[in-house]
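Order as written gives the chain letters A, B, C and D; numbering starts at 1 within each chain.
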Amino acid sequence: MDKKVTKIGVLTSGGDSPGMNAAIRAVVRTGLYNNLEVFGITRGYMGMIDDDIVPMHSRSVANIIQRGGTILKSARCKEFYEFEGRKKAYENLRKHGIEGLVVIGGDGSFRGAQKFATEFDIPCIGLPGTIDKDMAGTDFTIGFDTAVNTAVEAIDKIRDTADAHDRLFIIEVMGRDSGYIALHSGIATGAENILIPEAKTNIEDLIASLEDKQRRKKLVNLIVVAEGDEFGGAEEVAKVVRQRLPDMDTRVCILGHIQRGGSPSCIDRLVASRLGYAAVEALMEGRHNVMIGIINNKLHYTPLDLAVKAKQKIDKEWLKIVKILAS
Amino acid sequence: MDKKVTKIGVLTSGGDSPGMNAAIRAVVRTGLYNNLEVFGITRGYMGMIDDDIVPMHSRSVANIIQRGGTILKSARCKEFYEFEGRKKAYENLRKHGIEGLVVIGGDGSFRGAQKFATEFDIPCIGLPGTIDKDMAGTDFTIGFDTAVNTAVEAIDKIRDTADAHDRLFIIEVMGRDSGYIALHSGIATGAENILIPEAKTNIEDLIASLEDKQRRKKLVNLIVVAEGDEFGGAEEVAKVVRQRLPDMDTRVCILGHIQRGGSPSCIDRLVASRLGYAAVEALMEGRHNVMIGIINNKLHYTPLDLAVKAKQKIDKEWLKIVKILAS
Amino acid sequence: MDKKVTKIGVLTSGGDSPGMNAAIRAVVRTGLYNNLEVFGITRGYMGMIDDDIVPMHSRSVANIIQRGGTILKSARCKEFYEFEGRKKAYENLRKHGIEGLVVIGGDGSFRGAQKFATEFDIPCIGLPGTIDKDMAGTDFTIGFDTAVNTAVEAIDKIRDTADAHDRLFIIEVMGRDSGYIALHSGIATGAENILIPEAKTNIEDLIASLEDKQRRKKLVNLIVVAEGDEFGGAEEVAKVVRQRLPDMDTRVCILGHIQRGGSPSCIDRLVASRLGYAAVEALMEGRHNVMIGIINNKLHYTPLDLAVKAKQKIDKEWLKIVKILAS
Amino acid sequence: MDKKVTKIGVLTSGGDSPGMNAAIRAVVRTGLYNNLEVFGITRGYMGMIDDDIVPMHSRSVANIIQRGGTILKSARCKEFYEFEGRKKAYENLRKHGIEGLVVIGGDGSFRGAQKFATEFDIPCIGLPGTIDKDMAGTDFTIGFDTAVNTAVEAIDKIRDTADAHDRLFIIEVMGRDSGYIALHSGIATGAENILIPEAKTNIEDLIASLEDKQRRKKLVNLIVVAEGDEFGGAEEVAKVVRQRLPDMDTRVCILGHIQRGGSPSCIDRLVASRLGYAAVEALMEGRHNVMIGIINNKLHYTPLDLAVKAKQKIDKEWLKIVKILAS
């Protein structure tokens, strides 16, 4: 049986996402409620190596549930890729007596946690914090719902102009390997076409559908493109469209980093709160090296090394619905 | 085997909810795509009785996916409770050749649809459109996610003042029979207490927890109360608090109708689009008198008479999380 | 000539308003830039009496320009009405060597500052921080623009429901002595009638105009009422309307405290920044006991005792425009 | 004396801006109130040439005050540069009996109106509708306040990530010839540097100030750049920064078209309502070929040919405030 955990650490790692603060708050308060000491580690694994580690109190996490970003900051950390770095990190944790770790981040962060936990016997619990949602073992990632609502609000604004000028807008949203933000924001804004990494972009079909709309005088058009779209992103698509349909008034808009920030949506706060609570329970129950997700509204535990590899599948039916509803 | 449907009607009934327009759009465009004629019926069952029924085109539903309210309007309709009213409604549908009906609304609306469909052999498909989420057979209702985010944004604003003045705010949110909005918005805003119809309000516990916070100098406090809370709503709670804790600077805020309106959230637009699409498919497949919901991310069909009765259960674990996270 | 100021204090007093933090930031950073020491005083005059006074650094005000509320908190303070209280406050300021004070608040706060400055020779600069805008000597008060935009967004949401159901909504906004929020938000949302403290409410005219609209089948109606409306607020108006026009579906909505909070608008941040900067310059120039406002885009200095008394006048032309545009 | 106007037209021209719909509504309803006939002209001058001209009723402008874009659509129109085009436009106006024109747009649109009005004796009233605010003869343009608030909200979101990662963000906002959006949004978000077309960009100063901040470990930095900045926009600035300060984690974000759309702010709705009302009054009083603006809260009439040329000046004091407050 695992020994009883009495001191735990929490950190955020990788790209920040809205709701990370709500997760930190839940970890800290659930820990304190269970008479654990909870330490905040600054700038992800960097803070472990630099001993940027401070005790957290209930007040430390007051009034943050509604804030974007992360009060613990985040950073990439090359040293943690090396054994020497991880060893130094371990020694710092030991110094503080930390016996368990909650890592809020994406698959890259979990790979690091997995390696570290194997080498040094500090149980790690991963919480999926990423706007991209491309993670096995969970229906929700902390930040996705906010990011996609930010994208939707931005595209709604662009639609006002598209409509006023009968223009075609090609809008690039985040998602280097994943089309979730593109697909959800595209459906929600009535986009005519949605280009994602998970599906081959048939540029001829796209041109044909635009020509058809030109004939039918449907001149307002939105195309939503994931940045990792296999065709090469919004600018590349625009290049072809302008060449083939020079009469169309075609504009490009790249939404960029606004999608990462902002006050988290209700769902992201709930998911973050529930997962933060569950992370502490998991450490207390002696679990280790799992990512906690939510599937079918139930907690789901995925070994960290499996959390890193798998991808979710985009539902074919949605792609059909897109075509029909934008017609 | 059911005969093939060629003309369908769509209406919104009961209290409006954000996303109803997205559902109407999906019904209309999916119908047209399948070469059906689609009729829009104005002001719910009233429009059926008054023959306020017009053909819808693809353009009729352009640029509405992002709008709150309902372009088809909604209304209560006493005449539809009477057989005479329903008969008149039926005759009007017949006149237009309408062979199937999509009703977007709540349990009251479904009761009406159930009765009507039994008497007159017009298959009815119900889509759950209500901000309250208290409906059997679905994890989502169209409008809930928007309503709860509106409540969260409003409470975040109130927290600014609570924090500036070290005040206790007792905030009433919608939910006559259901604590979902209260529970979700309360957790998401870090409320200290959440009072809901589904759980007995222990006012002594509430007072004790406030006294404890006074002792610990935690002076900023939010209590979120569902309007249908068994204790009698925010004003009643405030009355007791002011009497028992006269030193506390206690204020009441009733969020009211802002929770019904506004541009729908991404999820509400997706749910509405998917259900609207599914409603037409269901009519074409010969289904009748079911509400279509989503459970575990799959479509779920509930007979209309069962959709009206059941209530969802509030998870006990959430009530525990509330206490711990607000500590 | 006045002696050179080297240490100053800043406090927020009275009801909080969005942009107060931006003003605090500007005072602190402008002070530090000019090599002054700047002290933050907590909970208004209460903090002066309780010696809740701490030195502020550039970092103390980092990342607050966008936050609602006030990091210095605010409070009413009965002791400050008494000479004994003010004397104690003065002694605490002396202890820290504070030679000038920036008071961000409303007319009540300025009355206190005026009295204090007369008795104890600490120059006071007032900055108008109130959502009500009812202050002589300035076109802008910190917080008004945000409050009125919050009201507008809320009323837009209510309009969705009003429109869906053909309802009359009577909406009460803040403004105990002032109709600015009501007037601006009412015009901006296309309200049919706007009731304010500055104009006598002719209830017969109101009823007549509603009857006229009923005849013309214009069924969606918004009436915006300031809480200090001479007729007695939204509930009183509703009582009469329901009695006289029982067929109208009439609802009341009281927006309440959401109007005080939230992230400040661009204008409120600019006004706060400019006034905070000017307050420090004013203290350095030896000015005392003036409120700094902005009139015709230029700084304007009003003696504190005149800042308290005057009221702005509501432009008659606007009342005419309301009638015409809502027709 | 001018003959009495009985029929007028209204159009929107050039880039759309939030609040144009509120202006259209005010023109239509004020016209109808004064027993004029009001015609809506679609797609700016294009609609005049193509005879895309329809009578407007009170209902035509219901429920649009809160909408971004323009229900009359807008377009560039090459034919209107030619005398032939303008003649055709005139003939179409004559056909409908239109004797006066309200043109909502920017300086380019006013140049066209000026030319047209000189040749054909149709009095034209210009209303400044542009997000850029770079127009002589007015303190406000319809759309500026909304655009700048949209920019502020977007930059607030980016700040969350900048703060989480200790990054430098270089953010490009709209403003090809004007730094107003950059200046206002930059001050309001606490940007360290603001680069605008009206002031020469000293790149050495910029680098020096960033180096200084690096030394002081102030790692979160925002630079706001107007697209027409003389140095060449955000990407050019980033190129130099990355070369000179390779250790900085530097990112570029171009806000783009989201700044044009969205529901207008309270001020933009008020300004639009007041100007729309004034435009009809002006036509009825026999004024012609003036742009109506607001200066020091009073209506101000500028001959159309002067409205096109002048530029406002950026206040030097603001540039000083920027430096001090971001320190």
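Everything below uses one rule, namely that a contact is a pair of C-beta atoms (placed from the backbone, for glycine too) under 8 Å apart; a residue touches a chain by one contact, two chains touch by 3 or more.
Remember, predicted model here, so these are calculated numbers, not experimental data.
In terms of the stated touch criterion, the partners common to chain B and chain D are A, C, listed by label. The most distant chain from chain D is B, comparing centres defined as mean Cα coordinates. Between chain C and chain D, the centres computed from C-alpha atoms are 28 Å apart. Separating the CA-averaged centres of chain B and chain C is a span of 35 Å. Under the contact definition stated at the top, the residues of chain C that touch 2 or more other chains are 156, 159, 163. Contact topology of the protein chains: cyclic, one closed ring where each chain has exactly two touching partners. According to the touch criterion at the top of this document, the contacting chain pairs are A-B, A-D, B-C, C-D. Contact residues on chain C toward chain D in their complex (touch as defined above): 25-26, 29-30, 32-33, 58, 63, 65-66, 139, 145, 148-149, 152-153, 156, 159, 163, 184-185, 187-190, 263, 265-267, 269-270, 273-274, 277, 296-297, 318, 321, 324-327. Per the touch definition, chain D reaches chain A in the complex via residues 12, 15-16, 18, 20, 43, 67-70, 73-75, 150, 154, 156-161, 163-166, 169, 251, 253-258, 260-262.
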